[in-house]
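After this come two complexes, each holding chain A, first together with chain B and then together with chain C.
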Partner chain A sequence: MAKWWVVWGGGTLGICVRFLLVVMGSLSLLDRRVEVVSPVTSLSRLAEGYWLKEYGKSPYAGSAYHGSPLLLSLIGPVIGDRQDTSIGYLLCSCSLFVVADLMSALLLRSTGKLLEHGHSKHLQLLGLTNLLREKTDRKDKLGIGDISFLVYLFNPFTIAVCVGGSTSSIENMLIILSLYGAAAGKVPLAGFGWAMATHLSMYPVFLIIPIYYLLTNGLDSPPNKLFELAKSVEPAAKEDSCHGKDANDSYLQSSKSSSKGLQTTPMLSSRRKWVVISKLVFWSAISWVCILRLCKVALLGRSSLITMWLETHKYMLTVDDLTPNLGLFWYFFTEVFDFFRNFFLMVFHANIAFMVPPLTIRLRHRPIFLAFILTAICSMIKSYPTVGDAALYIGLMALCVHELSELKYFYLLLNGYILISVLGPVMYNLWIFRGTGNANFYFATNLVYATLQTVLIVESVSTVIGYDKHLLKEIKLHSSNKSSQLHPKSMEVSA
Partner chain B sequence: MGVVSWRASALLSWLMLLPMLFAEVGAAPTWTKHTNNWAVLVCTSRYWFNYRHMANTLSLYRTVKRLGIPDDHIILMLADDVACNARNARPAQVDYRGYEVTVENFLRVLTGRHDAAVPRSKRLLSDEGSNILLYMTGHGGDEFLKFQDSEEIQSRDLADAFAQMHEKRRYKELLVMVDTCQAATLHSQLYSPGILAVGSSLKGENSYSHHLDADVGVSVVDRFTYYTLQFFENLDIHSNATLESLFKSYSPSLLMSHMDYRADLFPRTLDKVLVTDFFGSVMGIKHTEAAYVGFTGRYEELLNPQKAPSLAAVNEPVFEAPREKDQVLEDEEDLNVEKIRHRLLAADNDLPVLVGLLALAAAVTVSSIAFPGA
Partner chain C sequence: MAEWRNGRWFGLLWWAFVAVGVLQVESACGVVKSEGFVESLMLRPLPDGKTLGHFRFVNDLREEGENGHHRKLFPKAIYQIVQKFRIQEMDLSFTQGRWNHRLWGGLEGLEALGVKPGGVELRAQFRQSNEEADVLWRNLTHALSGLFCASINFLENPAMVSEWGGVRQAGVGAVRQGSLPRETVCTENLTPWLKLLPCRDRAGLATLLERPRIHNGNYYSLRVHVKAGHGSLRLVQTLTVVLKSSETSPASRGRILAPDEDFQFRQPNWSLSTLFGRPLIGACPLAISSHVHMELEASLVEELKRAENQTPKISQDSQNEDRMRNTDGRGDGLDLNFDLVSNEYFQLNLAPEGVSKESSPTAPSLLLSYDVQKHSKSRPLNVGMSWRAPIAWSPRQGPFRATQFLTGRGNGRGAIVSLVHANGDSCHGSKRNTQWCPVSELDDGTSPAIDITTFQIVPWYFRLYMHTLKVVVDGERVSLKKGLKLRLSPADDRKSPAVVEIGLTVPRNTSTLVISVEFDKGYLRIDEHPPDANRGFDLPSALFTFASSPSPDLMSKRGAVPNQLEVQVYSDNLLVLLATPDFSMPYNVITFTMTALALYFGSLLNSLRLRTVREDGVLQPASRFSTNLRKLVALITSRKKLKTL
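Now for the complex of A and B:
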């Protein structure tokens, strides 16, 4: 349900909180925190690259800037040289990121509304209206769209990267834009969002898979065999006087092949699927061509696209910068011999790549959840992670609250995240500034963070699979109830 | 045949000259660019009653740091460390302290002949583009300077050390400032080019302390150093004051001795030498795109045999006057300014990129709204 106060009230409060923090000087505080900014998202490096460009040199000279030239043209003129501390300048410079955050939250909300709609339809289709009724009994309950809106906007991690001098807000917005476009069936948005997100940071390339499944298979839904099972007991349900009308309407409605989000057929027809794929490819290609052309224009001939690729994507692949951050690479690569460096780089990146196919096979009926899991894995094993990545996947997680309502160890995870937020900077301070600790102190908190993320990913996947199994059980229970009602004599116990 | 033999003999004579170029006995008539500044500040006396010598050195250290020379380009030798107390809010980076301040270590610093284990912070890592300020204070006399009450360095030793530095190309210009009794005698034996030597008093004169502090109980600064520092207090890093004005600012009546300087070995006239050439660290910076290839003085001569010096030129002990710093900058600046101006005018390329991005976003949005469904 459209809760207007969620959007207006929450949105205004979110904007006010961000502006207030910026005015109070959070930029100078958070700009130096390694958890918030990374070498590829840092705004001070962007200012440096912009100054180099203004001076007539390549923005990648001197290994200062490692982002996209488009961001230079977009954000460079706004932030200038960052020496100004007047309130007007501060508000102006962060307004772009606040707008990006707000847009991400609104897009999440729209995706959530679509998901909610689909969720209720699916439960009706499966004949599990008792589960549905439990969830919509309270009229003022927030839908998952509103929940994810609030979770994303008021997540301290999101606020930190918004006001802390990082370009993560824009990257997150593009990822969420692509997921929304795919969820709503708007192929141009999906293709453009994916292309821009991959251009800015390399890892969203894996999101093409959830986008593809969203466009061809539709939104998150229980596995197809459940629908087939439900269909086989459907004729019995039609005669049920209590739910007859609802079930009839929904069944008739969903059998139309034009409705995308309400699938009963396992997939679109082959022809429609190829149409969708070709549209996706077309729009992605157009976006890539435009992006690369604009990059070439933005670089003004002082640097080539090859240099750009070397300094952005290859920089992330080869982990040239070993300053400590939230990830696992830096500590490891300070010790690795050069002979093995390439091998271990391949191992680390293959770790992400090899996890994608099995997860895809198992979770292709739930693309949004798959997107959450893939972003969480990327955030754990990427070269320069920040809390901005955590902000993204927590926002996507909020879209799946129905399935994740049984998540175990939630209390542990919540407190673990709070603990890491406090302990990480403390250990960093002990190590770098006071000299009473060493790198192991800080890396220990990194390991704890990685463990928490692993627990989150593993438990989420098992919870969702358990939810599907629970639905299967419910359907079978339902069908056995119905068959026992209609045929009281044959009391078969269905397996 | 005759032509061939002429060329052969010319080539042979040039080849014979080659080792001479590398040996560099005597003068080395090449011009190098001034690229960095070093300071070697030495206080040679210890014990509480020589507080003023340490205070001299430390206040000059502060001045030199304020005018821009970084800590890693300063070698500070203090025979008694008052500055390194842990409670000192801004401790000095003393490289040689206490009993490490010996004549041997001092000469090793100057000549660069260290044991392999000596850390970099204790080495004078100057090169042929360095201007070095050498300031020494303590007790001295006729042609000697006393180190730690137990040994002394003589003016000939100092002159020979400078000659080694010159041969090893460890300085471009050297300013030696000595604040001791009969300081000018220490400079009497110098013979290497590029040295400007300043002493606080002549032979037979003493250098006096300036004032004493009632709390400390001893004199806290010497007159020569005091008036030097007073001159520098009014300057900042961009000052145009010259050595000529510095030397003119000393008055014998206030110093109670006659300040003497020796500029016969120094190539430039004193009214053209900025004090920041030695006491600070200000250099013209030129932006280049090409890699830094170092100093081009000698290499050009090597590459172009026509420009090889004749034997007569090698034997002359005087080297050619270097081009003025400003003139050099102007020549090369003209070439680069045009390029930079051209680039700066074309630097504003943000608008087309933004327009392109917005157009792409608009196209995407419009097509997604106008053609719903897939």
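Now for the complex of A and C:
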């Protein structure tokens, strides 16, 4: 299933495209685009913070830099004061982000492989071998991992962020790393990735929920109820398979016999669950302590951790910088009356937080999908969003490609994203450079973008819920077929 | 007089008694004279035909003699402000108009500080530590705002105020400094300023300050400078104005101009009455001295001397010369080979009572002085000048000219570029300005270089990227490692401005210095915009200080004091356009955004609400709670149905 050319060819091409763009001067072209860089991720601001630190001041003085001191120590020496324009310097300053992108893509691929494996296993457990066969028949088709690898690596948004002077690539990599760690059951990796991602961009704090479910319940699977349902019709199916109708499919049989141990669900016992939780808490806490210690060292005593928090996470919460971006915050808080500011800040942030419990309740059996939805929501209602956030959730979306194969309005959404990518810069240009349009023009595209993301989120959720429904139907159909054939009376019992 | 009643006599006697008592107290304290007031007016013809008038009123107070709160001359308002806000030094200026450095030269000889930029600038140094200074500053801005009828109180906002004063800062007291570049200056600021004078505008030089004429001038700057020393207090009020003579030109009289009269357009005759609308009819009786000076710039004197050498002529007006020599004892050392009062280029209305050479070594110009106290209503003083032939001279220039401009396109980003270039003509030809030039005959290579310092307060909404700072001296980049001195207090959004001081030492033969810093334009909230936001936002001017310690031989030659060689030049205020939001849209934006959010929240919840797996008996039965809830709902709905029925 693993297509070697996908990894090697795709990876090489991805790196080449990025370096080519950098050499062609994408950095100077894109690092002022509000769609690509935000005040939190901008490399210009990072350079300013690094300069201030070198000059002997706090990197957070001057309200310029709002990122982590760790990034400052990591990237600062590489990019310097960004005055050099030689090709060597450009490639060198960009290589870190290219590597981060490649890493993210590879991690997505590994996660995808795990998912793929889990997917076929679950279908088999449900006895829906016909669905499985449909899939495995087409050998030439790419696996989930390869699809998401390519989607992430060649998403124009990812490329723009990588070569456009933004630190989003690294944040995205850490988020994907934590999800991969959780999917692969590597608790320390998951804890570290989550702590680091939260430290860098705050919003991944919500991802602790999918990580928790990934570690305790395993990868995306149909709801438990379906397994119970399938179990109740299992004897019939079992007999059926014993009759040797599918005996020629050795793969199925071997996995079937191996699945006997897992019979019903892949869930852990409650005691082991607690072990996993405490391990997660432990590793996250260790990571947090390490991160904060390192930050303190990196700040060289020129600023305190409190200031760091005020200038990073609180800065994201209070939206002091009203530089236009893809989100809804900037114009809203430009226009809203001062008296209502705090109220609306709460409303906006609550829109993310309040949606987490219902989503968790409904989608906890699909943690990767839940992570996709949460990142998409954060990307929509974030204080300083860029296309880098879209790159992340599109990459995660590719992991759920089986479930989302029936996604409605895909054509509309695709065109919508293209439209936004074109109209956004145009409207910005009209407002800022030509002066022929005003802020409303640009904000209108932001509203469209938000609506587009809403449609994507809502449709994805309904599609996945519909997919589960479809599985149920299939199970019922399957069981009724089987029982009507073999035991005509068992159907009545089950009904 | 005859009708005076007894009561009046009583009152008079009582006042006499009090006066004697006060005098006795004063003499008992050993204070002979605790207050002194000096007024002077300096007039300088400018090369473009305008005239510069610089009024200077100095009010000194010595506080050794404790007279309680009684002051005879010193304005009580200022005294109280100084006492209450514990001020060590304060400088307030109101300026309107733009000073043309190229045509008018500098003001260096007149004041320690250069030409003030437009708007209001306030700088105060307190006798207090930094923490208390914030409160004092806030109260001071309000007090001054009330006193001078200006919106100085806007400076209470710390986002506009620098907490250190740059090179000008001396002493330990806390300094606050801020400016309001867009403040317009009007007669309502002049009137309270005049009220601080002992004679107001009723007598003395201040009578010349007729409001409409002053405000029609090309440049107009009011200043109040207070300095408290050990037991003394000095208030210096200056008013600088550039005016054009109102003398009607020959052309306006309907005559066809003779070719040689054409210059009268450019160089109209001027006198006090054509400039200010009235002659001077006397000094302020409370002033110790009252003088009018006319300054002939060094280059003008040089031109006159040269012209005299080229056309040697017989001394026709020996009477004038005699008078000059008689009246002016100090004029002997001036080696003037021409007639100062009446020569082939101009004629003075009045012969000066004294001629002196200015002590400043940078550009020694001639000062002709007139004592106002010798004049009265019957013998008004009308200093003036009538031109006979065109003469061109270059204005007195500082060593460097400093300008500032913005680069960049659109409202996203830009760069502030400061350009300093040497005034070429100050180093060449006969008008050489030896102090500042690479003087080969004086310079043995050991003469010190020039220190250039720029100081600028940049409001927070211009987000400076200091890592893009580029300082280029004559095409060669100077970095922080190579002797660039940078003092920076970074901006904090909505809290404090960025204050940048860049200092470097350049050799004397430097011709250009370019300093550039990139910045991002910030985006303000709707209520942070001024009423006419599309006019743009003012970037307060930068202050350039050029300091040169004189070479030792020059020191001995002229006996110059080093600090006189410091020249300060302000650049012009810059106007920066910021991207503005739509001011009429708050409700629309709120409703649209909230609709988008409601769409997201509602539809997502709705899609989550849809059930996938219906309970088919196989699955767990509904919990007791939910069945109860459903029963309850059914009950309520049925009741409603009943009601509606």
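Points to keep in mind about this one:
By definition in this document, the second predicted complex is superposed on the first by the 462 of 495 C-alpha atoms of A that agree within 3 Å, B and C clash if a C-alpha of one lies under 4 Å from a C-alpha of the other, contacts with A are read in each partner's own complex, and residues count from 1 in each chain.
Convention: contacts are C-beta pairs under 8 Å (C-beta built on N, C-alpha and C of every residue); 3 or more make two chains touch, one makes a residue touch a chain.
Note that the structure is predicted; figures quoted are calculated from it, not measured.
Of the two partner chains placed by superposition, A:Phe149 touches none, neither chain B nor chain C.
In the superposition on chain A, the chain among chain B and chain C reaching more residues of chain A is C.
When the two complexes are overlaid on their common chain A, residue A:Met380 makes contact with chain C while staying clear of chain B. Applying the stated contact rule after C-alpha superposition, one finds that A:Arg32 touches chain C and leaves chain B untouched.
Once the two complexes are laid over each other on the shared chain, residue contacts for A:Lys57 go to chain B and to chain C alike. When the two complexes are overlaid on their common chain A, residue A:Tyr203 makes contact with neither chain B nor chain C. In the superposition on chain A, A:Arg82 contacts chain C only, with no contact to chain B. When the shared chain is aligned, no partner comes close enough to touch A:Phe97: not chain B, not chain C. When both complexes are overlaid on chain A, the residue A:Leu294 reaches chain B alone and has no touch with chain C.
Touched by chain B in one complex and by chain C in the other are residues 55, 57 of chain A.
For chain A in complex with chain C, the touching residues are 32, 44, 47-48, 50-52, 55, 57, 61-64, 81-83, 223, 225-226, 228-229, 232, 320-324, 328, 330-338, 347-348, 351, 354-355, 358-359, 362, 377, 380-381, 431-433, 435, 438-440, 443, 447, 450-451, 453-454, 457-458, 461-462, 465-466, 468-469, 472, 494-495.
Residues 409-413, 460, 463-468, 480, 486, 488, 490-494, 498, 520, 522-527, 579-582, 585-586, 589-590, 592-593, 596-597, 599-601, 603-605, 607-608, 610, 612-613, 616-620 of chain C touch chain A in their complex.
On the side of chain A, the complex with chain B involves touching residues 53-57, 69-70, 72-74, 76-77, 181, 185-189, 191-192, 215, 258, 260, 272, 275-276, 279, 283, 287, 290-291, 293-294, 297-298, 300. Within the complex formed with chain A, the residues of chain B that make contact are 287, 289, 339-340, 343-344, 346-347, 349-350, 352-354, 356-357, 360-361, 363-365, 367-369, 372-374.
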